[in-house]
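Input: structures, listed below.
In the two complexes below, subunit A is the common chain; its partner is subunit B in one and subunit C in the other.
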Partner chain A sequence: MKKNLSLVILVLLLAAVPFLVQGSYIVSLLLLMLVYVILTTGLNLVTGFCGQFSFAQGAFFGIGAYTAGIMSRDLHTGFWVHLPAGMIITGLCGLLLGIPALRLKGHFLAIVTIAFQTIVYLGLVQWTSFTGGQNGLPVEPVGDVSLFGAHLFTIDGLRANYWLILTATVVLVVIAERLVKSRLGREWVAVRDDEVLASAIGLNATRAKLTAFVASAAFAGAAGVLMAHYMGNIAPDDYTIWISCTIVAMMIIGGKGSFYGPILGVALLTLLPEMLGDWARYRMLFFGVLLVLAIALMPEGIAGRVRKLRATKEAQA
Partner chain B sequence: MDLLLQYLANGIVNGSNYVLVAVGLTLVFGILGVVNFAHGEFYMLGAYTGLILVINYGLPIWAALAGVLVVAVILGLGAEGLLNKMLKERDATSSIIASFGLAVVLQNSALIGFGPSPMLMQTKYSTIGVEMGPVYLPLQQLLIPVAMVALISVLYLVLRYTWTGRSLRAMAQHAVVARMCGVRVQRVAVITFIVSALLAGIAGFLMSSVYMVYPIIGNMIVLKAFTVVILGGMGNVAGAAAAGLLLGIVESLTSAYLGNGLRDIVGFVIVIAVLLLRPQGLFGRTFQRS
Partner chain C sequence: MSTAPILEARGIHRRFGGVVAVKDVSLSVGVGEIVGLIGPNGSGKSTMVNLITGELEANGGSFLFGGQDVTALPPYKRARLGMARSFQMIRLFGSLSVEDNLLLAHHIRMQSSTLDTILGRAQAVQEEDAVRAKARELLQWFEMEQFAKRPATDLSIGQQRMVELARGLISMPKLFLLDEPAAGLSPPNVDRLVGIIRRMRDEFGMSILLVEHDMRVVRELCDQVVVLDSGVMIAQGHPEAVVNDPVVVEAYIGSGWKRRAKA
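And now, the complex of A and B:
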């Protein structure tokens, strides 16, 4: 209960940030972090809880964004259609990627997901007539929101988008938490810990893996749609293998398989490079060094390290 | 028919490049189990070292090549310390993430050091053409398959007939047993990384006269090299050589007959199909992985 209360306070604080700070820098940085929270939480479902490595989260992010872009160009639909459509389409693509995952493990699975990621990226670049190629596609802002004909508010600009994405993040994180604690989530964990044993006691490992892939992809799809409507323009270079690797890195550094670890990882890898100030030119360089150091010194991630420290303290007491 | 031969020749030039890059990658993977994403940066830095030495310092080609070799050895040593020594006994993703971090560092250093604008190596060999029947290739491009055949043959002989080569192969087969038989594991790891960086650096140097050089050229080349490694069977040098040439030729024919847009995608599609139908690779043998 105490934990829940502190989380509610954290969310309220985040919601109040646009009133508390001047300028748009901090709000836009927080917005980016929230999008990464959705992406890493999604990846954590399939990798952290179901034990299947995936380097394709960036591709699903892109598929979500391009669903919004292509639907608004060809069908003139709006955000409220794109969000479920994007989640369903990326979910289906997740199912597609999940099928090879049934047969492969470790390095091989990682490389198939890398190949999938690269195919999606190259498709976005090369299939110019459908995706707009390197020029990308424009996406309309979310715009007016009305309920039963009554106009409620307009979502346009940084602040409104920030609150929209904050709401979506909270909803999705809660969904993920419920999923992990549900029967399905426990099946994922069972498959992760020992697939043979899980099958032996009658769990359907195939179903568990496929659902984990679908859920993880759908999260990335939601993030893609949200980001596309905020940015107003989408281009393939935002959905490369490097984005996927960044997401994996955030999850690993935070601590995979723990619920709040990956969120810490997002905060660490987005905030630290921003603190360089005059050294901003070296931001990406610093990011790379940080990544290598974190992997070398803290293989179990922040959350894993905390868990370990707590365990030794209890053992001593 | 004549055009087909020209396409094949172009495919072999590109394919030879893939072979040089992929063989190093497959060695590191097969012998040490490290997935090295920074391998493309060895290629990129090899290309830049050669370019800078030739263009800015006016050195002759052989001196530039020596410079490339020195840089590659340093890179190989550094990468071994970081990706193998420090990350031993970790799961598959650790080396992927750490090498990704290393790639980001090297790429951005190159961006800061050399700037984003593409460069091309022009030497006196660029303008000399060689005609073989209906096929025309500039002499510089012809050098690439020649160098590939020479280097891979030397590597093959070393692996086959020297003690160093035997210990490398022993490590690839079973690291623990190799160690019990007296193979110096650490030395093997260092040699493997150095050989891998040397091959990639030389490939980058040779290709710097064919394609533009810029800080992110390593990205696509490393991904393609991975497809070659899988097609050839992980850790299989001869398989990687065959698969690299095959990929080069398939790409060249795809871009000629099916459309240039499909050129880069075709390899990745083949990889997914192969992993689904024949996970041990086109030229790999099945064996139990522990």
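And now, the complex of A and C:
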């Protein structure tokens, strides 16, 4: 209860930020952070909880964004259609990527996900008639929101998008937490810990892995649609393997398999480049060093380490 | 026997490359029966257990479980039909609590769907509470209720074995396959184990296939014993008769003992 209360206060504080600060810098930084929270929480479902490594979260992010771009170009639909459509389409692509995961483990699966990520990126660049190639695609703002014919508000510009993305993040994080605590989430952990044992007690490991891949991809899809409508223009270079690597680094440094750890990792790795100043262009170098240090010194991540320290303290007390 | 056996293995074959691990083995476990599966190291006992549960596929032969042909079914489907097992090397979900380990084994008997649990429907919450209560009750039965919230791998080997048994029991299987449950246990714990296995049969009517090296356990519990040597069944019958069978004695300690005994 105490934890829930502090989370509610945190969300209210985040919602109040646009009123409290001058200029757009902090709000746009927080918006980016929220999008990464969705992406990383999604990846944590399949990698942290189900134990299946994936370097393809950036590709799913792109598939979500391009679902919005292509649908608005060809079908003239809006955000409220794109959001579910983007989640469904990326979910299906996640299912596709989950199929090799049924036969491959560890490094071999990671390589397949890198290949998938690369194929998607090359598709976005090369298939110009469908994706617009390097020129990208325009995406309309979310625009007017009305309910039963009554106009409520207009979502355009930084502030409104920030509140929209904050709402979406809260909803998705709550869904993720419920998923993890559900029967399905427990089965993911079982498959991660010991697949042989999981099947010996009657759990369908195939179903567990595929659902984890689908859920994880659908999260990235939602992030993609949200970001596309905010930015107004999407281009392939926003969906490279570097995005995927950043998401993996955030998850691992924060603590994969713990629920709030990866969110901590997001905060850390989005703030770090801002503090580096002119060095920010070398941020992937810093992320890489941090990742190696994290894996070598505390593979359980920040959250896992905190939990461990707390457990030893309790054991001593 | 009047009723059909719960498990029937017919002419089971299994090769690993050029090595024949199990060769034309047929055995059956009757309802409410405790059948021992013994033999020297490397005789194919654990392979046989893995074949029965479906973790390994047989190269030949067929399995009937409760009268149904399960030869082509994957392990999780066989488990859902009512097969549970323990492992020679203890296997538990290490990052989960003892209680959650038991809970997972009961998933196959739960009615509410994942969506119900995500939405927090009353029926799903009630079912989950009921299963947790059941897990507690079972842990009490094993005198281990104080460990419910502890990570499973924090426990001693003997306690972990008991958790494995409780995990098998919670789904109320028709057949429980125990792969060397007494291995690594201290003598008092072995006595406890014998009592528990007997109660599993007497109170819950379970049929049990017991792989065991400890002959005392086998003699005390088994109605029938099957002996494997190099993947071949060399004897079958009442435990006392089997352990005195010269073929079995030879398989265990070789033929040299007779000559040495004469000299």
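The criterion applied here is as follows: the second predicted complex is superposed on the first by the 296 of 317 C-alpha atoms of A that agree within 3 Å, B and C clash if a C-alpha of one lies under 4 Å from a C-alpha of the other, contacts with A are read in each partner's own complex, and residues count from 1 in each chain.
Everything that follows uses one rule, which is that a residue touches a chain if its C-beta (ideal position, glycine included) is under 8 Å from a C-beta of that chain, and two chains touch if they have at least 3 such contacts.
As the structure is a computational prediction, the values presented were derived from the model and not from experiment.
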In the overlaid three-chain picture, which partner chain does A:183 touch, first (subunit B) or second (subunit C), both, or neither? second
Would you mind checking which one, subunit B or subunit C, touches more residues on subunit A? B
Which partner does A:10 contact after superposing on A: first (subunit B), second (subunit C), both, neither? neither
Could you tell me if A:248 is touching subunit B, subunit C, both of them or neither one (first, second, both, neither)? first
After superposition on the shared chain, which partner residues are touched by A:309: those of subunit B (first), subunit C (second), both, or neither? neither
Let me test your reading of the model: by the given contact rule, A:158 touches which partner, first (subunit B), second (subunit C), both or neither? neither
First (subunit B), second (subunit C), both or neither touched by A:175: second
Once bound in the complex, which stretches of subunit C touch subunit A? 53, 55, 74-77, 79-80, 84-85, 87, 91-96, 100, 103-105, 107-108, 110, 112, 114, 117-118, 120, 167, 171
In the complex, subunit A touches subunit C at residues 175, 178-179, 181-184, 186-187, 189-190, 193-194, 196-205, 257
Tell me, which parts of subunit A touch subunit B in their complex? 53, 55, 100, 103-104, 106-108, 110-112, 114-116, 118-119, 122-123, 126-128, 240-242, 245, 248-249, 252, 281-282, 284-285, 287-292, 295-296, 299
Going by the contact rule at the top, pick out the subunit B residues touching subunit A in the complex. 29, 33, 35, 37, 82, 86-87, 90-94, 96-98, 100-105, 107-109, 112, 219, 223, 226-227, 230, 234, 261-262, 264-265, 268-269, 271-272, 275-276, 279
